[in-house]
Amino acid sequence: MSDLKLVSRQHSNHNTVIRLGDELIGAKELCLIAGPCAVESETQLNEIAKGLSELGVKFMRGGAYKPRTSPYAFQGLKKEGLKMLKNASDTYGLKIVTEVLDTTLIEEVYPYADILQVGSRNAKNYQFLKELGKVDKPILLKRGMSSTINEWLLAAEYILLGGNENVILCERGIRTFDTSVRNTMDIASIPLVKELSHLPVIADPSQGTGKRSLVTPLSLAAIAAGADGLMIEVHNEPEEALSDGFQSMYLNTMGDMVKALRAQAEHSGRTLNLKKEPQIV
Amino acid sequence: MSDLKLVSRQHSNHNTVIRLGDELIGAKELCLIAGPCAVESETQLNEIAKGLSELGVKFMRGGAYKPRTSPYAFQGLKKEGLKMLKNASDTYGLKIVTEVLDTTLIEEVYPYADILQVGSRNAKNYQFLKELGKVDKPILLKRGMSSTINEWLLAAEYILLGGNENVILCERGIRTFDTSVRNTMDIASIPLVKELSHLPVIADPSQGTGKRSLVTPLSLAAIAAGADGLMIEVHNEPEEALSDGFQSMYLNTMGDMVKALRAQAEHSGRTLNLKKEPQIV
Amino acid sequence: MSDLKLVSRQHSNHNTVIRLGDELIGAKELCLIAGPCAVESETQLNEIAKGLSELGVKFMRGGAYKPRTSPYAFQGLKKEGLKMLKNASDTYGLKIVTEVLDTTLIEEVYPYADILQVGSRNAKNYQFLKELGKVDKPILLKRGMSSTINEWLLAAEYILLGGNENVILCERGIRTFDTSVRNTMDIASIPLVKELSHLPVIADPSQGTGKRSLVTPLSLAAIAAGADGLMIEVHNEPEEALSDGFQSMYLNTMGDMVKALRAQAEHSGRTLNLKKEPQIV
Amino acid sequence: MSDLKLVSRQHSNHNTVIRLGDELIGAKELCLIAGPCAVESETQLNEIAKGLSELGVKFMRGGAYKPRTSPYAFQGLKKEGLKMLKNASDTYGLKIVTEVLDTTLIEEVYPYADILQVGSRNAKNYQFLKELGKVDKPILLKRGMSSTINEWLLAAEYILLGGNENVILCERGIRTFDTSVRNTMDIASIPLVKELSHLPVIADPSQGTGKRSLVTPLSLAAIAAGADGLMIEVHNEPEEALSDGFQSMYLNTMGDMVKALRAQAEHSGRTLNLKKEPQIV
């Protein structure tokens, strides 16, 4: 692993802490990012944003550009979706995490996002990673569905080498022979990456399992294993979702999950970064 | 999954609880099985058994017959090893879990074992599984390194159909493209199997990761995800171990791990099944 | 790969040639083994044996004991099936290849088989492999569905070390993420194993692909890549087969395939080992 | 597979034949593309181009932009490399196949390439694939290292839907548990894709195996299985290559391989598309 330079603990043994206004990622408090797979409408997004805000959540995810296996599947609302994200986040005081699909879209997405997400399918798109090294906002870098730990860290190395030190790694499951679940969540990657690197590591058990009933247990497992945060898909009406509804939590029962995550975080010597006085939890 | 009959929750929605004297597996208390990969000598085994007993551990693992990839690797002490296991367990009041390699060895191993372990390499040895259905001791059935969830449960179905209802499933990592770790621990299999089946499920993070530093975080993750127990490799001198020392915990510092497991079990609404008054923890 | 001793080209650079009466396996002539997945009835087997004999085929496969993922699936005709194999082979002058499921069945199967087949699920059943080292008939050793090349060769090493030098390796596809086909046929394993070992290597594209239409192209590919033979599933009525009919060739059109295999063998500087005057080809 | 529309045989049962001046790809003649992994210097490229031309080869590959796992590895000569490709191709009358790394580079690479190559790492970069649908030159679309057959064909569907019907599919090996070779060449994908789609399919056994000694046997296997062409890495001095020398054929002994490929093509009822009067073969 000799080419792991900037990302390695040999380079810096201090955990990287990313600052977004008053929020810290990679410090004692765990980051909770929640929201729909895709932005579908003003109504959908506002309802979700309102619900998350009431739960104390500070970071909202939502895809405006969606990378879809089939060209005939819903591709996202694009710029309209970005505007909806911005409006909802302004209204409810949420920070926005959204995916950028390639170099040509960085400029368009940049003003609407607090954190730029790089999807699993771009995990080895090195030309794009080089460009993200020039951006002055944090990058949430998902692991490729067939990336080794070393390849994942080298992808981060590309971004750091370009000048952007604010990279959040995200384990989202890998592709294996077992199709009982959508992906195989590699929980061991979390403590292993934290041994090797000073970068924060979060987990996405929604993509990682593809099954709603597994999201809470895998979230707890990720925290127990040392994750610095979670990214969770939630929807006001999962059955009507335009993509991935089967793995989305129900908004109206998400309070129980947030409570469980907070309790596990505290058991693990961390806290869950929530607004001071959430109405529901 | 229509051929999952006896093992399924449709067949019985009551969690199977296995009784071994006063001990229960599959009930509220989590089962902790610890011990060396292989029985190597009287001295080694007694030292480990004594240490485990002092930590409050009630179940000891140890291989007398070892399935090794190379015919030139240490194959186990065989019958001598079984006797050492029996002696140590009698002295320190431990229940024995040990592997049976095939049908021809059931009779030999039976008197020395409280729980018969079926290794990953035998996960599809159906002739053997049928024979184990006739045995009146519990079977610890490891998942095959390339078994899907369905195949794993069907292996258990063979044993139940043969008449033995006392099967403990054990997730021990699957084989994937990523060789950063020895196996990829499929933590999601734990809650998924518990959805599908009434059988208890434990986790083996020693085999599952192949790396000492990952054993504690993955053990905590397994408990957080709902596991009914753990199987942990421990050695008095890992550097001198005849097999798999790199993934064995140090006996003399295992107390910290046991404390952490107990705390996590209690946080998760369970307990850790330890002797009443452990000397160290 | 330092534990590859007896199987390696360093040990013997002469290709192992296995003699079965007048037939050679591993020499210039390619071995063609064909027959049903499972022996189902006297009628079925005789019809297939007659057809194969007319095509000039000299080796017949057929399972009397079937390792099935589900305990509720057809498990084979057992001893009755072995007798049917023997009768059919005597009548039509075919050598018999049939699977032995474990150590306890070696004695039963031995008198009926010319070549003992070890299935993919037993590829790491080392206790069994040791026993097969004591048998004085050739062993057809299938690659495990998740065995590396090194593990596969070490399985053969177990048999050679036990005293049986007549091992035929059989590539039958490995388990990968892609479920478009049943297994991923690893054609590169054929020339790679021939570089590393002096043992003959054949291919099983029926199991290897699980799809009838792919069997002929993959058979040709295996020969082009240097295989020493082929194992092909064929059935008189694939639609009625009790197992794996979807991957079985139709007996009544198998003549075209045999012609194509013979032509490819000759193009590749080999011959196809067929009876002197086949009636159909 | 209902979203396979334009690429499917249901849409068009006529094999797509791509025309590049006088050359056809996807017709009776097999396409042979050869050249270095990366363009390294004027001298290197001219020597290889000259050698290939003398062997009768009509298509040259060579990377000017290289996607490398490590940011510290040689990234290609970029525009200088493109110019060298153009010069060499003009001098020796070769058509150029070279990789485009992303949307932002299409315009730069376009004038220098006869066929635009999309690498394995971009197999799910849908934004890029949409852009390639607008290009009026053929696209060589490599299979993603973890793409199923369906995902690979859907990637092609993106390009066809964008308006570019000239897509050549290229099997280059998939990522599996076995690390004996660099990738596992999925030879069965060739006849399977030809069943499902009318597009031409070629094979890249250099990437597919990562081992020089396996390139010729796997090339023959690919032709025997129905491939429409081959892409082969060759270098004048493999030991000195800046990337992937271990899998490159030696230029000075490539004549033997070309002869073998031509013979196999003719045996399989095809021809190998070579210049009329090659000097060496």
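A, B, C and D label the chains in the order they appear, each numbered from 1.
Operating definition for what follows: contacts are C-beta pairs under 8 Å (C-beta built on N, C-alpha and C of every residue); 3 or more make two chains touch, one makes a residue touch a chain.
Because the structure is a prediction, the values reported are computed rather than measured.
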Same-interface partner of B-C, chosen from the options B-D, A-D or A-B, over half of the pairs matching: A-D
Most distant chain from chain C, judged by the mean position of its C-alpha atoms: A
Chain centre separation in whole Å, for chain C relative to chain A (CA means): 49
Whole-Å gap separating chain C and chain D, where each centre is the average of the chain's CA atoms: 35
Touching two or more other chains - residue numbers and ranges from chain B: 146, 175-177, 179
Overall pattern in which the protein chains touch one another (line/ring/star/complete/other): complete
Residues of chain B defined as touching chain C within the complex: 3, 5, 65, 67-73, 101-105, 121-122, 124-128, 130, 145-146, 151, 154, 157-158, 161, 175
Chain B to chain A touching residues, read off their complex: 146, 148-150, 174-181, 184-192, 195, 208-209, 211, 213-214, 217-218, 220-226, 263-264, 267-268
Contacting residues of chain B [partner chain D, same complex]: 146, 175-177, 179
